[in-house]
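In what follows, structures are represented as structure tokens.
First chain A sits with chain B, and in the next complex the same chain sits with chain C.
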Partner chain A sequence: MREPTEPGPTPLRATAAPAGPGGASPRASSASAEPGSTLPRVSSAPVVSLRGVSKRFGGVRALVDVDVDVHEHEVLAVVGDNGAGKSTLAGVLAGAHRPDSGQVLVDGVPVVLDSPAAARALGIATVFQELALVNDLDVVENLFLGHEVGSGVFLDEVEMERRAWQVLDQLAASVPSVRDPVRTLSGGQRQVIAVARALLGSPRVVVLDEPTASLGVRQTAEVLNLITRLRARGHAVVLISHQAGDLQAVADRILVLRLGRVHGAYTGETSYEDLLAAMTGAVRPGSGTPMKADQARGSGTGR
Partner chain B sequence: MNRDGTRGGGRTLAAVDPAPAEAGSRAALRQWFHGEHGVAPIVVGLALVWVVLAAIEPDFLSAENLVNLTLQSVPVGVIALGVVLVLLVGQIDLSVGSVSGLAAAIVAVGTVTAGWPFAVGVLVALACGLAVGLVYGVLSTRLGLPSFVITLAGLLFFAGVQLRVLGPLGSINLPFESWFVRAIQQGFLEPGVAWALVAVWILAYLGMQVWVRERRRRADLSCVPWSQIALRTGALALVLAAAVGYLSTARGVGYSVVLFVVLVIVADVALRRTRWGRSVRAVGSDRRAALLSGVAVHRTVISCFMACSTLAALGGILAAGRLGAANQGTGGADTYLTAIAAAVIGGTSLFGGRGSAWSALLGVLVIQSVANGLTLLDLDQATRFMVTGAVLLGAIIVDMLVRRRRQEA
Partner chain C sequence: MSAVQQRGSLTQIELAGVTGLSPATISNIVKELSAAGVLATAQSVRNGRRALQVTLARNLGLVAGVRFGVRSMSVALADASMRVLAEQRMPLAADHRADAGVRRTALLVTEMIESVGASPDELLAVGVGVPVPVDPASGEVVTLGMMRGWDGVDVAALFQAELGVPVTVDNEATLAAIAEYRYGAGQGHDSVAYVRVSHGVGAGLVIGGHAVRGRAGVAGEIGHVSVDENGPVCRCGNRGCLEMLVGASSLLGMLPAGTGHLTLADLVARATNGDPGCRRVVYDAGRHLGVALANLCNIVDPAIVVVGGQLVEVGDLLLDPLRTSLGQRVVATSRGPVDVVPSELGGSAGVRGALAVALDSARSAGALGVVGS
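This part shows the complex of A and B:
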């Protein structure tokens, strides 16, 4: 949150032309992937699929009969209004919520994701919106929490610290020290730590729940850059977000949730007006003006 | 004591700014005082207590009295070490006194009345402690009951079991000539052995730091300046040499004291250098985040309850050995409060996640120093309670002030 005071345009340009290795412009890559297609492109067999997944919390139906396919080399964005079931969907993929009915398939084989550790073991890493960092532990301890590096019963602090710097350098993260408790870090730095932790296990699927909601302009650009690099490396990325800038920059397919149901799948080119209409259920074409204003505001702040 | 030994301070800062050695050691000093697990306030507090007591009653600092002080500190110290573990994981165990009394009763009845060998009696008592902790852990994790209430029930229940085990006599003397009682009451290290242990400790500490520094240098990470390693090792050597040298002018270092210090070192290494220890601090600090990170939360909590009850049982056994008897008063009255107070005075947070094994040793030294000093001054139990209460309050206030300053920094 220290970043937004910087002048706007320069960091934004950084998003448009990512300097990372293997990084063509995100727009360009998604445009070339789906030339003029109106239907989502399916490149390969899905890594993870949800089939008829439903979940309720008390009387609230958070997910109703949801089907999702996640492919490698693809950024699948999930959008929806508050309460549409986005975070529940992330929770199901992360192993934090068990669906009441329906199936989760990994490589076509039904699996039970009954704990975050089980999901991780199957190659699904999740960055939760609440980040799930332990405040009293330092950066290295948080990065490796739950899957520490060590020989025998003892931990290998030197190796962990070395790998921590490695992954943080990849993210171009500006963390003053990896031995500070994360309590002392800013919101953006904490987000970067959480993303870095998800990447450490070389997962096949990375689920990001609102990764840019608390970030400044430059860090948002860094995270989006990172997402395109993940895709280039062959990861499947599930991006849960309602930031217009995120979707336009990186999404290959966009899944719209409304009141727990899948309300359509769109390509990355779909205009934000159409998505808003799908999200809210307002399909009248006459409502364009306020939505344009909304979109302008959204991209203007780089979110 | 050496919480910052191989990480923290100078290295942290050097990561940003490779400062010269002098600035590094000043930073280390600051870290030592305000750091995550700063033991400095409690060391200063202990020194203060000693200065005040010595000013009123010079005999307090006599070698013979300090030997007594170390021996008195062991049983409660061992119990406090267990309390540190449950506090770290964010729980509490109020029943440590009753469990220690029960363990003492089992050893006495088993060996004297039933005629078991001592080793068997001790093992049965420790196994009982282990089982009690398992029950607490399962009740706490599976049923989600608050540990305060479970262990309050345990406090009452096991006090009853202790009375039932002791039977109508209510007090059983342990045979004075048995090796167990002799080892605890009269067993002291030969000076040569004591000095050898000190040398081993210092060399291991120094070697560990040099080894870690070398590995870090090879991995291209920031390194602690040599001056800091020398400073830390020198400080440790000074403290150990002073303690052993001075105690040796009287009876020396008791076997039970060695056992306690070894337990503290083992717990400290386990907490800082193993997966289990990391899980303990993570669960105590933020249980949900630890769960989402894939930590086996239930297993961690259960293991801490088990370690705590087992250490409580061991404390009771040591208390029985020191007294030469087990009676209805063993582990009763204020034992559990003293043990919890010792852990908190030593700097372990009541709210989980923050603390160190060394806080058990330092905390119990403070409490026993006060008790010992007031006994020398012929002051009664009433004064002892009041002064201990005041010290506990003072310790928490100091801890809070330090913590607040650190958060503002």
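This part shows the complex of A and C:
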């Protein structure tokens, strides 16, 4: 299956360079010089920021005055109890929900994310908990559904298959064949396909909503490794989950949401107890002092 | 039998050399054991001559190797000929717990056995490496306050309860030393010192073909050798330990602010790409390691020093200052200073060692058809 279209891993890796994050801003282009390698973040300015974002569903205040910064080459984990507003936050970033008040800034410029297409155009790709894959279509058809490659009525199957392998290789995905229907794949593999589809548009920010919720241990391991690779490639990753252990394994920063508000921001090395205390409201909002935790551990740098 | 198992696969001629038996005797023994279904043979070519490659038969069963690190774990599954059938890595939280870790790992082993099309009862033994000293007799973690969530835990008993097979638990660096000695950079040397520089720092020693563990498994804890007696207090309770100077969190803490949150992998990549600050940090780490390793070499005088762990991925940036500082401090001999080489097995040294001790225990328990030596 793989033989006819894939000349070898090396040329593919080389052609994979433009698929790195962004290309529009000077910062992004300097960070996409070599795929797979970890490169310095030249500027610490956030790619995407939320400022004072609030969202109401009828009488429910899902998000209240939320400030979030998302940087390139960083995994920002968002954790919280059920109903804390995690998925609403993902929805706002994905363009599925429009905030009632507050601003969304991309590279410091206020933008309106009024549809998923608008968010994608600005480099934010979201993988929702329901992966929205079509079970009876094969991997290539799923990846290119809605934006098929080809001219006129003819599809360029060879080109699509080549690009499918290219993006799956970047993710070091273990998918048996890109011509198998998606229903034959495991949960972890489907998650990889959904992420691969998100990556086809060369996004700078990848939002993953509960990517390990319904997975076994092995698939969870694959998804966590995938998140590490996305970070190494320079993407900003927003990881939304309520499984604190998985978050702590890969996160650079952890944002705790509680009842729609930001209850604290912690470093990835924060102890489980502190995180749990913040999630359950056992400590006051803002009592998480990431600076102090940083210095005590001597591992982070002042943020 | 033991010779074949320890080396995975070798030719009949090599087997004669290793065991000291005559080639004819070896040929007869191999024929007998192949007929009994314990060994498998295959034609191969060595030095231009036909040779018979001898391995353990594959259908004897599977062993699993598990390596817990400070921030990651890996699991590998191998057959009786040490052929790795499946391997899986997974990042871990900074303060992961023994109970949850063992549970997940046991599930992972079961899932991996299924994924290679085997059944769970084919599992013969499990080898486990943990990044803290382990009592060699009981398999219990003996440290106090070194690793929250693992101190005092009987890891062997936890695994046995989950998987129901014999479990060997050892220090992860000791297992890596065994793996480098048998299959990696230490092959052909009878004493190997392995040092792992990653999130933590540890060493394993194989002296005269035997792993050295000490009374309570603390042998080789080079990360907790005092380098600066007025230095900061370490998690082990002492001051100025080597780990406080070259452990990942110390190295990352030395970098200037404003670069965002960095990981050890970021440091390695930046140093390789020529970032001056990161190179300096790595250079100093190499010098400190050289000091501590010189003390070790003056005491046990190993034939080779193998450096493993994530930091050695920067190569000579770390090893050159290490060699210089080591060479200045070891007793000068007519043989010159000891060779310092990077690990050949890389990140999988620990898990390969875990597989090796699992296979050893399966053999001595008689599961491979031949009892004892």
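As a convention for this text, the second predicted complex is superposed on the first by the 217 of 303 C-alpha atoms of A that agree within 3 Å, B and C clash if a C-alpha of one lies under 4 Å from a C-alpha of the other, contacts with A are read in each partner's own complex, and residues count from 1 in each chain.
Note that in this section a residue touches a chain if its C-beta (ideal position, glycine included) is under 8 Å from a C-beta of that chain, and two chains touch if they have at least 3 such contacts.
This is a predicted model, so every value here is computed, not measured.
Asks: Which partner chains sit in contact with A:S271 here, chain B, chain C, both or neither? Use first/second/both/neither.
Replies: Second partner only, chain C.
Asks: Is A:V158 contacted by the first partner chain B, the second partner chain C, both or neither?
Replies: A:V158 sits against chain B, while chain C stays out of touch.
Asks: Applying the document's definition of touch, where does A:V104 land relative to chain B and chain C: first, second, both, or neither?
Replies: neither
Asks: Which partner does A:V207 reach: the first (chain B), the second (chain C), both, or neither?
Replies: Touch status of A:V207: no partner.
Asks: First (chain B), second (chain C), both or neither: which does A:P176 touch?
Replies: First partner only.
Asks: On the A-aligned overlay, A:H71 touches which partner chain: chain B = first, chain C = second, or both, or neither?
Replies: Only chain C; A:H71 stays clear of chain B.
Asks: Pick one for A:V127: touches chain B only (first), chain C only (second), both, or neither.
Replies: neither
Asks: With the touch criterion stated at the top, can you tell me which chain A residues are shared between the chain B interface and the chain C interface?
Replies: Shared contact residues on chain A (touching chain B in one complex, chain C in the other): none at all.
Asks: What does chain A use to touch chain C in their complex?
Replies: Listed in rising order, the residues are 37-41, 44, 71, 73-74, 216-218, 220-222, 224-225, 228, 232, 244-250, 252-253, 267-272, 297-303.
Asks: Can you tell me which positions in chain B touch chain A when the two form their complex?
Replies: Listed in rising order, the residues are 6-8, 11-13, 15-16, 36, 212, 215-216, 219-221, 273-276, 278, 281-282, 285-286, 288-296, 353-354, 407.
Asks: Which of the residues in chain A come into contact with chain B in the complex?
Replies: Against chain B, the touching part of chain A is residues 94, 96, 115-117, 120, 128, 130-137, 141-142, 145-148, 150, 153-155, 157-159, 161-162, 165, 176-181, 183, 197.
Asks: Provide the residue numbers of chain C that touch chain A in the complex, in ascending order.
Replies: Residue list for chain C touching chain A: 71, 88-97, 100, 104, 107-108, 111-112, 115, 148, 248-250, 252-253, 255-263, 265-266, 268-270, 273, 275.
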